[in-house]
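Each of the two complexes below includes chain A, the first together with chain B, the second together with chain C.
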Partner chain A sequence: MEKPRRIAKFTVHVIIENKPYINDPEGETILRDLISRGGYSDVTSVRSAKLLKMVVKSKSGREAERTVRKLCEDLRIFNPVVSTCTVTLAGQAQS
Partner chain B sequence: MAKIGIAVFPGSNCDRDVHHVLNSVVGVSAEYVWHTKDRLAGYDAMIIPGGFAYGDRLRAGIIAAHSPIMGEVKKLAKEGVPVLGICNGFQILVEAGLLPGALMMNDSLRFVCRWTSVVVKNNNTPFTNQFAKDQRFMLPVAHGEGRYVADSKTVRNLRTEGRVVFQYSGDDPNGSVDYIAGICNREGNVVGMMPHPERASEPILSPTGSSDALLVFKSLVSYLSGSSSTTTSTSTFSSFSPSHSSSHRPTRTAAIPAEKQV
Partner chain C sequence: MTGTLTVDEFRYLKEKLSREPNSIELDIVGAEWSEHCSYKSSKKYVRMLPSKGKRVVIGPGYDAGVLDVGDGYVVTVHIESHNHPSAVEPFGGAATGVGGVIRDIMSMGTRPIAVLDALRFAPITQDGAKRTRTTGVGGKGRVLKSKWLFKNVVKGIADYGNCIGIPTVGGEVEFDPSFEDYCLVDVASIGFGRRDLLVKNAAEPDDIVVLAGGSTGRDGIHGASFASKALEGENRSAVQIPDPFLEKLLLEATIEAVDQKCVKAIKDLGGGGLACCLSEVSDSIGNGLDVDVAKVHARESGMSPAELMISESQERMLFITDDTGLEKLKAILEKYRIPYSILGSVRQNPDLVVRFNHDVVARMPFQLVAHAPLAERQAKRPHDFGRYVAVRPPALPKDLGKVLLAMLANPTIAGKGWIYSQYDHEVGVRTVVKPGPSDASVLRLDNGKFIAAKLDGNSKHCFLDPYAGTMGCLSESCRNIVCSGAEPIGIVDHLQFGNPEDPEIFWSFTQAVNAIIDYCKYMGIPVVGGKVSFYNETAKGPIKPSPVIGALGLIEQESWITKPALKDGDSIFVIGKTGDEMGGSEYYEWYHHITGGTVPSVDLHADKQNADAVMKLVRAGLVGCAHDCSKGGIAVALSEMAVHGKVGFDVNLDQLPGSCSRPDNLMFSESNSRYIIGTARPAELHSVLSGMDRISFAEIGTATGQRQKQSAKFSYKGRTLVSVGIADIESNLNDSLAKIMKQ
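Entry: the complex of A and B
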């Protein structure tokens, strides 16, 4: 993991997805009425999700990721009852 | 005289309807409270009206749930002050953690706007004490994200503790688990409902000429004036007892699919 000494900008992706037990009518419709109907029968499941791309000022990518994880919990960026939240560091942002 | 606060967020659009019903139809004093207000004093009850607070950005209700006024509403709720969330207000109460579960996109993927029938499953809250138990009444729904979901344990608890306040009856507008249209917290003072009682409180607004939904607001006034007992409800809200409520829950639950897929 690169660790620049100076403050840099990092892009962190947050994916908010419904838990498996929550049905996803949007994903089901995309699969049924678009993908399957379009002849792509190898695709068996589609789940829709929301992607947030955050640019974070930080000393390191790991710290940026930690900051985003914390804010997702603190501010209820996802509803833990029905959703999961995946936070991944996408890399250093173009400044 | 009781004073009721109506929270107003950028994007609220049912605040005036609630204000009209309370002031002009029920005849109780109600006033708007802007969402930036971080001190609430002198309100005997709070209504969180419907609309599209903050344009439903990120998730319906989540941004409003973090607003200063909701910090105050949480305090009042803890003190036992009646709080009613209608439609987007219900979504805000859920996102603020005052009510369990979540409100997801309707299973039809469509915004649903139509009159529907609901049945009162708990007539022992500050917003339902003037209804008879199992009373059916008509009122409209108007929402895109009204499918109530919660994990099976939460749903079981809601059911056994008598915290399902309203259920859709003979209609399923959004795919909610157990046809849930409204719930309350464990203490019973915080109620959230997706249908709009303020749009069905005058005969002129109703296709059938009924205005039974007005009883939601009349119940509140009755509760605040300390006379919530009715011929149909023998116990007052102060004796709200989940176990008591569940002991005479009707057999209708058995007729409902135990666990609709959520």
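Entry: the complex of A and C
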């Protein structure tokens, strides 16, 4: 249970990845040159992404998530034409 | 349903086929007949460009122009833009633009040895953004957007060039409010190879069609049609993702295939995808093709034949080979682990036949597909053309030294170190004169000669007077070549305008073409390639007319290579006249926020005479350093020469040839055909120039190197007009751009 009005630290994850229909040379290369060549033929697709872990001081997890979502859009941390940006609360950070 | 065709085009297609085209055929023709691929508005005009010359092996119309540089070697050159994709996704758009032009060079069978780029953005400073067209929107947001575009375009170019190992050796950047929410990204590439290995696209029936490189996906579908429309909102399907490492493999494989003589034709896949590539190859070899697109190695399952035909997935090349060549080609592609598919073969009939698992899904004469009906465009001189000529000149600023410092900090003029420090400009060890302290970039060729290259444009001049402005760009790029010690041997042009269906915009295009015809005919310099890009518009309106000219020069001897760095004690000469031609100058536009005035014109006779004179002086060893006078005028050019040479100078403006009514005009006029030369042998230089028929020149001062007294000094009518420390000049020139980008 979060205690109301107390400032705590939360970890928020931001995942930026190319939209599904846009190709991803990095993922394709990992699949082709590493995984498939290494004999793991059951793996049929690899998509690469960038993961940012942010620790945010906030009153609540939901607010921390809101802050991060806003900053991603304000600061053009991703290009909405190319990428999707998923923001998720990972939990309270250890202080 | 006419697809992307106009009603007339659809009717024409139907008539020629004597039947209704099916939807796949419509998609194929729609891609090839887009303005981007077919040049339907411009073909009639660009055909008139002078393209013959003693060095021209292959002129316009191919993937790249080819020039003979002696000893069995050729240089290839091509220019392309990637404006629309870069405006929505600057990193990927610019990077794939580099990839595309590199493949054009490879298509001739030559190795790309350099990339140059000409970039245009909206202002990146609050001050510069004040005069943007829209009002009411916060200036800060606009500046942020253009900085974001600028930063990522540069990063995209750097990333692609650096990864693939081709040096980005030079370029040019201009900022102007007409590029708001948009950008122009022109990339030129130079290739080098053996003349006897040139791939000239000659294939016979039963030869085999091979598609190699990246897998085909749904990315970039309708890219060519997208580039043939004004940019309204963000088109999501036209985003292309670069893969420079795959392109590098494709490059090495292509060069190896050329060396082993196992390919008969090569064509890169660009705008319009397979549809354009197949119809153009078919047209150039003069035979039909029969291909099965189900064989294309696709990234996604369930792609329709139409999607496979018009996808613009990057890093793909088409090869045509014969039975014996195929085995060699397969071995090469497999060695580099490049995916490929064998699509079909060349046929001795006039049809382009597309199958999908053996079923014929499209069958059309290749000549019909490859040659869109030309569009008749109206050209109309704007009724108020010249409305900008009569502007009230600004009041003479009290402190012209401060003006000079402000001019040097102008992002269009300031040193571009922030940009080219991101580029690897030395990889390949050919780069002799690097970007920065140079007029043109110089590269070493295998036969002991050197090639010089430069791109130039000036939308501010071209907006006020497209004819004079375009001619100014030609003159400037050739001056840059001459200043580097070279003789101009060919040019490429990239003509960028708004919507050609607007008669006034189309008129500006015809003016630009006329200027190129007139200039190149007079100078005897052939146009070896080019590109036309229309529909460069956003919801806010069209861009200013922005032709970009690329010039190539040849330097026969290493000792002729010249740089613009003054030395202590040099006498400073100016060749060419300075006039009150302030229209579109950076001084009016950037400093005074005035749009208007008389645009500098080009006196063809003087332009040629001055260029010939400088070439003669260079070869006689009389030139210590040379620099062209263009944006920012004499004052900026001299400042650059002083900073590069780490000296000061003392010049008398009264000595300048020509006539100017005011001292600020003398300093900042952008009159054409002017050269600044520093020499340690003034008497000899004087006597050579005096022997030439009525050439305008003068000795205007000296370079001074004493440490304490290093300053830029301009005197006028017997008084010191400006005296500014070189340290201040240097920091404004060299640090301004990086400072702006850090903010």
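Operating definition for what follows: the second predicted complex is superposed on the first by the 91 of 95 C-alpha atoms of A that agree within 3 Å, B and C clash if a C-alpha of one lies under 4 Å from a C-alpha of the other, contacts with A are read in each partner's own complex, and residues count from 1 in each chain.
In the analysis below, a contact is a pair of C-beta atoms (placed from the backbone, for glycine too) under 8 Å apart; a residue touches a chain by one contact, two chains touch by 3 or more.
Computed from a prediction, not measured in an experiment: that's the story for all the values here.
Chain B and chain C, once both complexes are superposed via chain A, clash. Of the two partner chains, both chain B and chain C are touched by A:Val81.
Once the two complexes are overlaid on the shared chain, A:Val14 sits clear of chain B and of chain C alike. By the touch criterion defined above, A:Cys72 reaches neither chain B nor chain C. Once chain A of one complex is fitted onto chain A of the other, the partner contacts of A:Ile22 extend to both chain B and chain C. When the two complexes are superposed via chain A, 99-107 is the only one of 9-17, 99-107 or 207-215 in chain C with C-alpha atoms clashing against chain B. Under the contact criterion defined above, the residues of chain A that touch both chain B in one complex and chain C in the other are 18, 21-23, 25, 29, 76, 79, 81-82. Those residues of chain A that touch chain C in the shared complex are 18-19, 21-25, 28-29, 33, 76, 79, 81-82.
By the touch criterion stated above, chain C contacts chain A in their complex at residues 88-89, 91-92, 148, 214-215, 217-219, 234, 236-237, 239, 241-243, 245-246, 299-300, 313, 337.
Interface residues of chain A facing chain B in the complex, by the touch rule stated above, are 18, 21-23, 25-26, 29, 50, 75-77, 79, 81-82. Of all the residues in chain B, the ones that touch chain A in their complex are 58-59, 62, 65-66, 95, 100-102, 104-109, 149-151, 154, 261-262.
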